[in-house]
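Structures follow.
Okay, so chain A shows up in both of these, paired with chain B first and chain C after.
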Partner chain A sequence: MIDNIFSYSASLFVILIPLISALCIIKIDEKNLQLNIKLVSIWSSGFVFALTTGLLLFFDDHEAIYYYEYFSLNINRISIYFMEVTAFITLMCTIIAKNEIDHDVKKFNIMVMVLESSMLMLFSITNILLYSCLLEIIVLAAYFLVGFFSTKRKYPSKDLIILFSGVIFVILGTVYIISVTGVREIYVLSKYSLSFNQELIFFVMFFMGLYCISGLFPLHLWTADSYPTSVFILLLGAISLIGGFGMINILIPIAKNVYLQVHDYISHIVLISVIYFTLSASAQRDYQRILAHISTANISVSLMGLFSCHAEGIVGAIYNMMTNSVTITSLLVINDKGLLCSPSLAKISIIPLLTILSMPLLPLFYGEFLIIYSMLRENLVFGILLCAILMPGMFFAVKTFCEQCNIGIEKKISGYDFFYLIPPVVFIVALGISVTCCSTNALWKYVSRITGGA
Partner chain B sequence: MEYVVLSQLITLVLGNILQQHNFIESEKYKYYVPLSSFITAVVSIVFFILQIRNPSVGYHNLCDLCLAKNITFSFGVLSDSLSITISCVVSIIATLSNFYSIGYIKKNTNTFLVYINALSFVMVIFVAAKSLLQSYVALESMVIIIYLMTRSDKKSESIGSAIAFPHKWANVGFIVSMIVIMYTFQSVDFDDINKFSMQNDEQLDVLEFISIFMLLAIFVKTAQFGFSGWLTKSMASSSIPFAAVVLSSTVAPCGILLLIRLQTIFECSEFVQNIMIIVGSFSAVFFATRAMLCFNVNQILVYSTCSQIGLMIIACGFSAYGAAIILFVTHAFSKALLAFVIGSVIHALSGEQNLHNMGGLFELLPKTYALFISATASIICLPLMSSYYAYKVFLGEILNSEMYLVALPPIIATSILTATYLFRMIYKIFHGEKNLDETILAYMNEDNAYMNRVSYIALFFAIFSGVIFYYAAYADEVWRDIFAFSKSRCHPGILLFISTLGIVFATIVCKSVKPIAIQWLHHGRFISKWLHYGGNFISKWLHHMCFISATCTNIGIKLNKVHIFTGKHSVVIGSVCIVLIVFSYLAIRITNLL
Partner chain C sequence: MIGDFFPEVLLFCYCVTVMLLKRFRQMEIKWQPILLLAAVACFIGGDDSQKSYLLEYRYYESLLKVTVLITAFLICHFTNESDFREHVLLVLSTLGCIATFSSCNLVSMLCSLELSVVPIYFVIAQVLAASVLSANARAARTIVYGIASTLIFVVSICLMYVSTRFSNFSDIRYAFSFFPKQDNLILVASTLMLLSICMKIGIFMCHSWIIDVLENKTSSTLMILGVLRFSIIISAYKLLTSVLYHIDISGIVIILSCISIVFGSVLLTFSKRIKKIIWYLCVCHSGIVLLCCSCKTYTAMRSIVCMALSDLISISGILMFLLAIKKSSNKDIEHIRDLNSLSKWDTQMAISLSVFFISMFGLLPLIGFWGKYYALLSLMEKEFLYPIISLVFSLLISLICAAKLLGAIWFGEPDDNHSFRVNDDTLIKVINLLPYLAVTSIPFALKIAYLMRIDLYFVR
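What follows is the complex of A and B.
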């Protein structure tokens, strides 16, 4: 257990380190010192990951809100979990990018650092206006990454339309709620008594914005193109967390009454997304697209859990989102390095595959179990339908993925390959263990507070 | 019981370590894993004897998984009569398979030993489970092991999904019922489930819902009618020692143990019990018929297992759980023996599995022939054999019930068909004309010490397991209560009638009776044509919906092409069997008098 001010300082440090690294990278000469740029990013991400792990292990299990005049942070178990996952994914991205990105190295690393810093701040900020600004920065950074480094298209216009539409909706919702209440702090807004219509307007705008950014059906077009692995890791792993976190932290606490009224309609609509992505994943031929569809299917399942109106569903959604990000990242990394084809590493590289298949004792099973538990309690038919689609569908998706991977040539293993394989697998196992540890008590308290004991 | 689990784990780890360094195939180290497995079997037998003498229930908790305030799963080792008995059976069969593999498999022995021991370990975990989640973990692990075992054979890479996909539907049923149990009873421990469902009269519809979904999972796991594709495909490409372990005591019958553990839930609904009786009866007869019309010995073994498991499900449908357990135990040893003997034949014929390419091996493989007859005798409930005692309890329970007329004809039909297809195998393999290649004949021998000795030990268990279990269970009141044996027993005359009928029918079918054969063919031709055309259409639809692979078409085609075997020694065998039956009947009468 550490003192509050210490945890505040640590989290502030965590947020600022990537920005400082970005500033340092600007000063480095790209032509002669490319390797230095990459190493700065890797070390920065590694340091951030180490700090967030320390925060996770030693953070006191109560919610800490630090108010300062223009900048305040809300550090709780959920935000630390999401920050940890983001830090890990960014670290893997920078490690992969070391050998993958050969052109515009400076631009890439600056964008990644800015993205990381913005995301870490996004998960702990309390000011809703700052939240929407950060969202815009993240979307801009992601757009530039996609535009500079996409292998197929130079100017991804449909990405622009969908992503920025999402941002516009969020900003509209933010402006509306501030104009109605005059309050910018999310914590204060969650206690504010709004009329049903006011909540409904805010809910619709904010939900639409986050739905566009999450890339769910039918707005998923921007997730399914070919990018370098490092960019794809960020898109699938990190940015996919934004939508869910925004809904848990902002949408549901502020528009509680609307949430209680419309939660079942939304979960039924999202079920269409689950069915579509689960079935279409097995029809893809590019392994990146398969993983994109699997990831989006899992995000849709998380959304169903969020809108099941049960604390178990929301907690399951949190587990699901985190595990999905880490597992997809590990599969991308492992497959990119050809490690799935290697029989000597099969015993280790099978763990992410079994995680996607919801093997018990692995973390994705817990999340899906809790979500199906809450859905069955809420609506038996939809719960059975979710279960019946998800399990066989994921099996076929993973089977298709394995078939695509087996097309590659078996690779000779080098020492560096263990750096790509071991950390993701260890992280998955550690996530599974942490899910069942005592930290769940704090999570349940926080979630119950959000849902008002619903 | 913890020591059994620990010794199984040690065997598995040892096998893994030796496999990594390719030590198992060297002369110096190849006995390490089988010996370790033997120690496990000895430990389990010791615990079994201790449990007989002093029945007790104990639980050793390893860890608790807490997902939420009211969602806690416990992982541990449950020591009760059922878990100790089944783990004893599993350990013994795993040991026998380990030693058998040394003689049977020449290449990649290490891989097979690892998979066999992994499967045994997981089965012991399943049997010692106190909560549903632990059972679910064990069941999933079994599927993964079979999938990996199938994929290790390069020729059968494509059937992996055909094996794993049906289990996903089983998982749907399992997860849904587990979750509904969780929020109805606030616990997934078997004891709590049974206690609360007995007290719960108001939520019978919920219990029925749970039992229907769990039954879906069980039917897939036990490869019953409509869900058997995965087992036939996986066993078609696997080796005999692995098949022996899978079919006899681990993967195939594990659903029966789940039924027994959750018995009170299934007893709350008459509708569900009726489904079990109907599906079990239909599966028993259907698979016995398929075995009779099949020409691949490996496939016959699989269909035979599915048929026998159908009988166990019928027993559970009549709430005769004691009968189901004794059927399980006796079936495990008998099926293991049959698998070993079939393996000896395949090994002697250098991998040949088609009955058309066998014949006339009576003089060349006399020991194997004697073992085959013994294995057949142990399955078809001949007196003094283990299945005799199992059927005694089984039919006793059935005949005491009001619905005995529903189940009795399928049971009798299954017993007759079982005798028929087993004797048909004997005639096809050991009698008649030799259809073998001369090169195979030149190298044929049955002097593999490991395989023969293992088969003799398996024969001992196949003969005496029934009587040991029967008298151990009946002698002790506590054991009788634990296994829910009622005092009813079937009259020996009925069993003798069934076994005699089976042997006589087998003899007639295989005997050279041309007029009868021609008449049967003529009658059969119309039916077989209808089955062929009509069944073709239905089977295509059923194949996609229910995983049946052109069943009706197969029956139609096979009936059209039935070869009536003109066994020269059929009269001799028939006479020997009749003499045996008469002798045994006299022996029983004398014993009763004494």
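What follows is the complex of A and C.
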């Protein structure tokens, strides 16, 4: 039974376009028509971005779940944001890769398309087993991207082991919950009355899995290495979203009671991660490592919000994760194009830098404000500690990043490079406006509903 | 009734005909498609309305037969250059394997198992004539080990018959359900039967024959580890869920299985030779199969079928690929490092090998994963804590080996001494398609096959 055939078709179309593009790319001759491969992926990701924007603008809360006998989709208030950010990041990745990637073009574009499709599907499916399956496909695609395009290492075995350990824990949690309930639908599982012990086992396995995939302390080894900018955008921007999404959309709704009991302990664990990454970000000298640590610090802060046990904290975590991905993408573009070297272009480049520093009216400020507010309500010491570490840490990290960007750039900057920065900056500003002015109430209502008023 | 055994009759007639032609007309005919024909007959033949002997419905039975026949066809094709006698022996062994699935009593199972094993002994015996001493020793060890396990099985059958006066699986199970207290003779018979099962499957402490087989001639290796082990697993399942159902040996089975799983997966991480990796994976999977047998649930049965199918396809596939690489590039693939840079030379082959390995290691969404998934589900249903821990441990630790293999295939540095040659062989191209057609789509194929067979039944 399809509730809304148009929305269902549009969502399905969004998921299928990258896959169709990947099939087209397989058929194109790489030696003679390298440009065509790049153009196919750019147009495809552009089209997906336009479609997801349409879905976001005309999103109706009342028609969130589109049931179909074999393949149900659940486009909710949270997933639509994550889909939009993923589509945007993939678009930026393909645009940057046009001039950057000159070897293994076919492999790169196929991986990117598969990754995009899997991520969009992951944010919209209703089946928990399919979620694990997609997680594994994403991890495999990321592993191959790392392996093919990392300039330092050629054997990313450590990455594979960490990521796949995460996937195996998620699968174990999934198998356990299915064996207990016999149900695979996430929506039904969130309504299922499980005993505390059953919830605890599921929570531990699923949380461990998502923690490994998020690459938080001490499993962060795979997050920082030497990659081309386009690969780094995908790894830091897109893949960091899946851990948080799994926690918000699956872990907390299914294991509400355990979440209420153990959120304090998890905040302790995540705080270590925040302190470590914030301090190490300011101590790094390589720009990729700085960004990797900033990104992971922001994801850790988001998790603190998520486990603050307040609706404000969860909403803040969602905004924080989305903004972090877009901001890191724009910082990578700035560094790649050397935009800080040009005085005129540096003015506009300052917006992403100010976003990282949590400037008011920019989206990260709102997210961090909500998180710190909820942490202060929940645990005063933690809230103060977060403020005391995060702000100076980020300041020094951004300072080092600016120094690194000015070093050793010899190429001439053209006005054309400026256009690379426009989409992320526009996106950041639009997100800031939408976060501050619109849709917050709807998101809060939705978060309260899925967490059962937690 | 005759429709159910049409493939067996077909293969038997084929073997007799070609041997007579050879004897009286001096004609050598090797027509491998007969195996495919038997597979088709298997697919459309049979009666769905009847329940099969312990394998839920005949539908499962015929699907197992189809898979075995297709694999045997590929093996025969690959060993095409070998002599006529070997071809007939391989077909006879296949006949024994598919007869095992239909066996419903201890004697018929013994006979069909022997029919599948004895021709392979003859193939292996050809190695004995070779001059290499180590090969001789390994071949001899394999035969001696096989005969020993059969002897133990025969003794256990005799003891079982003496104590119960039954040989049918269902009769023995029925008898034990009425007389739960067993005498010493039955316990001895059961223990011996369990021992022979363990020896044949290749569980911990009975696993040395697998490496001996791997070092043997390739066609026999393919046949034993691919097809024969598959039919042995199904036979073990039949025995453990019928004859040994009411006998309390699950404790021993679980302990043995757990040790086997942990032993196999730990040694797997230290292995650098591909044959040893296959060896330890076989040991680990044998443990999982025995664990599922001790669960005795419907989910466990699905797990056993999936695990057996996964092993059949993956092991045969990997060995065939290694053989193909040896044929085309004249390069012996012994160590993981020999697979370095395979993806640069032949991407399709690299993808296929990766799919086989990923399936073997039980990653999503391939059939190997479904085997382990159902195994975990059945263990959780039964709340077996230690087996769950050992299975999870094996899943995690085998990732190290998976990482090494995938790393070598996709990101390994090219070796200057040897290089792969791009394969133009049509057969290899066909086999390249196998992983996608077989390993990934088997769950869907099962469903489609089931629906088609129901339709055919109504049409008839």
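One rule holds in what follows: the second predicted complex is superposed on the first by the 439 of 454 C-alpha atoms of A that agree within 3 Å, B and C clash if a C-alpha of one lies under 4 Å from a C-alpha of the other, contacts with A are read in each partner's own complex, and residues count from 1 in each chain.
The rule we apply is simple: a contact is a pair of C-beta atoms (placed from the backbone, for glycine too) under 8 Å apart; a residue touches a chain by one contact, two chains touch by 3 or more.
Predicted model only: the values in this text are computed from it and were never measured.
Q: For the combined arrangement obtained by superposing on chain A, do chain B and chain C clash, or do they fit?
A: Fit - chain B and chain C, as placed by superposing on chain A, sit side by side.
Q: Have a look at where A:176 lands relative to chain B and chain C in the superposition and call it first, second, both or neither.
A: So A:176 only meets chain C here.
Q: Which partner chains sit in contact with A:359 here, chain B, chain C, both or neither? Use first/second/both/neither.
A: first
Q: Between chain B and chain C, whom does A:392 touch in the aligned arrangement: first, second, both, or neither?
A: A:392: touches chain B, not chain C.
Q: Who does A:148 touch here: chain B (first), chain C (second), both, or neither?
A: So A:148 only meets chain C here.
Q: Who does A:164 touch here: chain B (first), chain C (second), both, or neither?
A: second
Q: Should A:136 be classified as contacting the first partner (chain B), the second (chain C), both, or neither?
A: A:136: touches chain C, not chain B.
Q: In the overlay of the two complexes, what angle sits at the CA centre of chain A between those of chain B and chain C, given in steps of 10 degrees?
A: Given the fit on chain A C-alpha atoms, the answer is 160 degrees.
Q: For A:430, using the defined touch cut-off, is the partner it touches chain B, chain C, both, or neither? Pick first, second, both or neither.
A: In the superposition, A:430 touches no partner, neither chain B nor chain C.
Q: Let me test your reading of the model: by the given contact rule, A:376 touches which partner, first (chain B), second (chain C), both or neither?
A: first
Q: Between chain B and chain C, what is the shortest CA distance in the superposition, whole Å?
A: Between chain B and chain C, the minimum C-alpha distance equals 41 Å.
Q: Hey, what residues of chain A end up touching chain B and chain C alike?
A: none
Q: Spell out the part of chain C that touches chain A in their complex, as residue ranges.
A: Against chain A, the touching part of chain C is residues 363-365, 373, 376-377, 380-381, 392, 395-396, 399-400, 402-404, 406-407, 410-413.
Q: Given the complex with chain B, which residues does chain A contribute to the contact?
A: 311-312, 315, 354, 359-361, 366, 369-370, 372-373, 376-377, 383-384, 387-388, 391-392, 395-396, 399, 435-436, 440, 444
Q: Would you mind writing out the residues of chain A in touch with chain C in their complex?
A: 132-133, 136-137, 143-144, 147-148, 154-157, 160-161, 164-165, 167-168, 171-172, 175-176, 178-180
Q: Spell out the part of chain B that touches chain A in their complex, as residue ranges.
A: These residues of chain B touch chain A: 65-69, 71, 133, 136-137, 140, 144, 161, 164-165, 168-169, 171-172, 175-176, 179-180, 182-183.
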